[in-house]
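What follows are several structures.
Next come two complexes built around subunit A: one with subunit B, the other with subunit C.
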Partner chain A sequence: MSDWIDVCATDDIEEEDVIRFDHGAHSYAIYHSPEGEFFATDGLCTHEQVHLADGLVMNHIIECPKHNGQFNYKTGEAARLPACDHLGTYPVRVVDGRVQMQLSE
Partner chain B sequence: MMAGIVIVGAGYCGVSAAHGARAAGYDGPITLVGDDPEWPYERPPLSKWDGAMPRLQPIFPEDWYTQNRIDLKWGAVVTAIDRSARNVTLGTGVTLPYAKLLLATGASPRHLPPHAPSDACARYLRSHADAMNLAQDICAGSDVVIIGGGFIGLELAASLSARKAFVHVIEAQERILARAVPPEISQMVLDLHKTRGVTVHTGTTVDAIKNNLVSLSTGQTVRAEHLIIGIGSEPNTVLAANAGLTVDNGIAVDGCFATNDPDIFAAGDCCSLPVEGAGRTRFESWQVAGDQGYRAGKVMAGVTPDPTPPPWFWSDQFDHSLQVVGQPSPAGTRILRPLPSGGLITIETDDNGTLTAAAGFAAGNAVGRDIKIIQKLMQAGVTPDPAALADPNTPLKTILKQR
Partner chain C sequence: MTTVTTNTPPRDYRLSDENAQLAFARGLASADWYHTDVDRKAIKALMKRSDGPAIRDTLIWLGLLAASGAGVIALWGSWWVLPFVLIYGVLYGSACDARWHECGHGTAFKSAWMNNAVYQFASFLVMRNPVTWRWSHARHHTDTVIVGRDAEIAVMRPPDLLKVVLNFVGVYDVWYSMKALLLNAGGVLQEHELSFVPEQEHGKAVFAARVHVLIYGATIAVAVAIGTWLPLILIGGPRMYGCWHMLMTGLLQHGGLADNVTDHRLNSRTVLMNPVSRFIYWNMNYHVEHHMFPMVPFHALPQLHELIKHDLPAPNPSIWDGYREMVPAFLRQLRNEDYFVRRELPPTAKPYREDLHEI
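And then the complex of A and B:
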């Protein structure tokens, strides 16, 4: 298993919102759900490689800022055209008020 | 063969209709007939060449059609509809029976009038083949004149000038994009084009085109090795009209996309819908074409779709993007919401303070989130405080949550 990576403080992301997190050569999107949980997905839309963190979070859906493709950020599932391909998702945990994510090997 | 759903036109609308019918649980045969020689693709990338060439972007991967049991006949044209026999005839002479028929025949570029004073070979952009022809022939240093300062003309101007062609855009109206966005946004788009080297002539018409020279109403003459016309589009209605369906600024449909024949529907760029105060309206937008197709597919499957969201449109101009929701009217009351990034959102309200339209323009994708929230505020019919709308420090999402 790979290490947990420190992302941000829990209060750096408002509830029902998203931030961009760049690590290595990759960009991720980190979400704070209305229930207070945290989630992580790939940061770029699978349609045209746009940063999802500029999009709108409503409930468990992230809507891409560019052509309104939608994904469920808890499962990564594409939920509306033109998004067809799913997003990768990553495990997230909270330790001492810090959000951490784990990358797949 | 059992008669099922037949869709004429395999653009975004037609493909979305097949998608909508299957999503609604329709299990019968779906035949999608399209006359373009390419596998069904997206049109928007044809004028936005991020890099060297226009992209050929499929709407769905090939296996989607097999998985969803869509019989795709591409490169095939429908030549006639027989309403009493309920079938369509293909170019090959073969007939296909239908239970429900959707016309998603799209639109074609509006041509210069036949008496236009021109001896040049005018080019138009609608299909992938058109885009490839432009990309092959126009190179660095080419002199290009684009007639029409609408979205497609301006996107092409941006793509071609990024290729180091010399581009002039000729627009008859006093400002570019006059039909689609308010003056503040027209001005920002104009300024961007100017700084990136495109010459835009507004309030200007063409007097004559001769020997690769375009004489303008201002007295100026510009060189046009390549002449491109982008003066709007006309709905493809011949098939419908020949079958006796009502055509009025597009194939006339009701709110459920039915024509005057209850088994024939029309959606997307080819159709017109009644809009209060505006008469029969065509939308000519990718999202609207997809939404309408998806909903028409559901209707043909016997399911009543949700109400249509306000129309939405986007355009890319260089590294900037523009988004519009609703139908802006220059006469409307406008609230200006400047963005910290230097972009701008204009929001229109009616006399009661209800939001009716908005437009935004900024570098990157900075307007997407706010425009989406405004679309939701419009659907909710709320009347937010204009001062809050104008204040970039008040997130629009708070207004959406407060209602």
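And then the complex of A and C:
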């Protein structure tokens, strides 16, 4: 069982940027890639509980604004220490100009 | 500036499980720190990376290091060698710290390999294990001047002023660093290192220490073999006779200010400095700004300062002024370790969260 959750309008996120999206007790990070695609990951760095949406997006990498732990936001893979554990990723789709992400129950 | 005295139990700086639990219970460990509100576009522009400024500065640094080192070799045995020794010493024993720091953050250069190359080189010069100290510094940014959590508190309370003074010629730091490197090279990580270095990094830490120890051992062997101090004046020695600038600037970062708070405006100090010191120190004089936004590269810190200065205490206008504030605080802390300097905010700033800080 899973639900598609409405996140934001496509033009709410600049290309090569990220926004924070809180839903329930969880925080997510929603990305707009240079190719115009959208992606979603957990919102907090796996090293320390820091919101990734305050970090810099470069190509397909998000860097934690505190310690520069880096992740590939397309795959969630940790790409630079001190981040060791991968981020969770979530399916994203665009419907009628709205970004939606899928959450599993 | 006002001065503040509180009454708390004596500080225990050990990075023990008990102290960690205490810091977590008080909401001080891995806390949500105060940040000045900034426009997302503005901070993105400041965080943007480029190789140019760091390549320029690194070429100047290495060029001057090579030239002054050549002067030391050429004039060895003459009094004329002294100015070259002084210049070489500061470029080696002080400038290394800022390069280690900025490249450790991965912000100095845009290219990761350049950050890593300079980080490894500077780690050797500053006598720090590049693996353990990377994690130590991550902890310093997570828990800045949180007692029992931060491994990089330069002056603990009550201050050991003899140690501070001796460190201007590296006495304590070099002893501490060599002991750590030798233990690491022997496969041993110290208790405090184990508290912040993950297990999968232990092997790398041991390997790095062995490389450093091997180079220092070879340097000593060459000095003995050719019967001169020259190799040690060029390698290792500058960490003692040339580190005074690193100490002079580094002590100002947090010295005499609050501990156990979650607002960098209370525990960090920005000091305006001359261009030579800023080159050696790679703009880390903007220290409140650096801690609040650590992903802003050194070359963009003056712009960040302009962007957020309305929300920060006024910077000390000079190194001298910083010492006039810090040294009396150290002396007061000898009698009362709870004493610290509380820096006043301008009317345009958001006030300190008195409910969060026992100030």
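Just so we're on the same page, the second predicted complex is superposed on the first by the 105 of 105 C-alpha atoms of A that agree within 3 Å, B and C clash if a C-alpha of one lies under 4 Å from a C-alpha of the other, contacts with A are read in each partner's own complex, and residues count from 1 in each chain.
We take it that a contact is a pair of C-beta atoms (placed from the backbone, for glycine too) under 8 Å apart; a residue touches a chain by one contact, two chains touch by 3 or more.
Worth saying up front: this structure is predicted, and the values here are computed from it rather than measured.
After overlaying the two complexes on the shared chain, residue contacts for A:Asp22 are found with neither subunit B nor subunit C. Of the two partner chains, subunit C is the only one touched by A:Gln49; subunit B is not.
In the overlay built on the shared chain, the residue A:Lys66 is in contact with subunit B and with subunit C.
Using the contact criterion defined above for the overlaid structures, shared-chain residue A:Asp11 touches neither subunit B nor subunit C, since it reaches no partner.
Judged by the touch definition given at the top, the superposed model places A:Cys84 against both subunit B and subunit C.
Touching of subunit A by both subunit B and subunit C, each in its own complex, is seen for residues 55-56, 58, 63, 65-68, 81-82, 84. The touching residues of subunit A, when paired with subunit C in their complex, are 17, 47-49, 55-56, 58, 63, 65-68, 80-82, 84. Taken in their complex, subunit C has these residues touching subunit A: 30, 40, 44, 47-49, 105-107, 112, 134-135, 138, 141-142, 198, 200-201, 293-295.
Interface residues of subunit B facing subunit A in the complex, by the touch rule stated above, are 16, 19, 42, 59-61, 64, 286-287, 290, 312, 314, 321, 364-369, 372-373, 376, 397. Listing the residues of subunit A that touch subunit B in their complex gives 50-51, 54-56, 58, 63-68, 81-82, 84.
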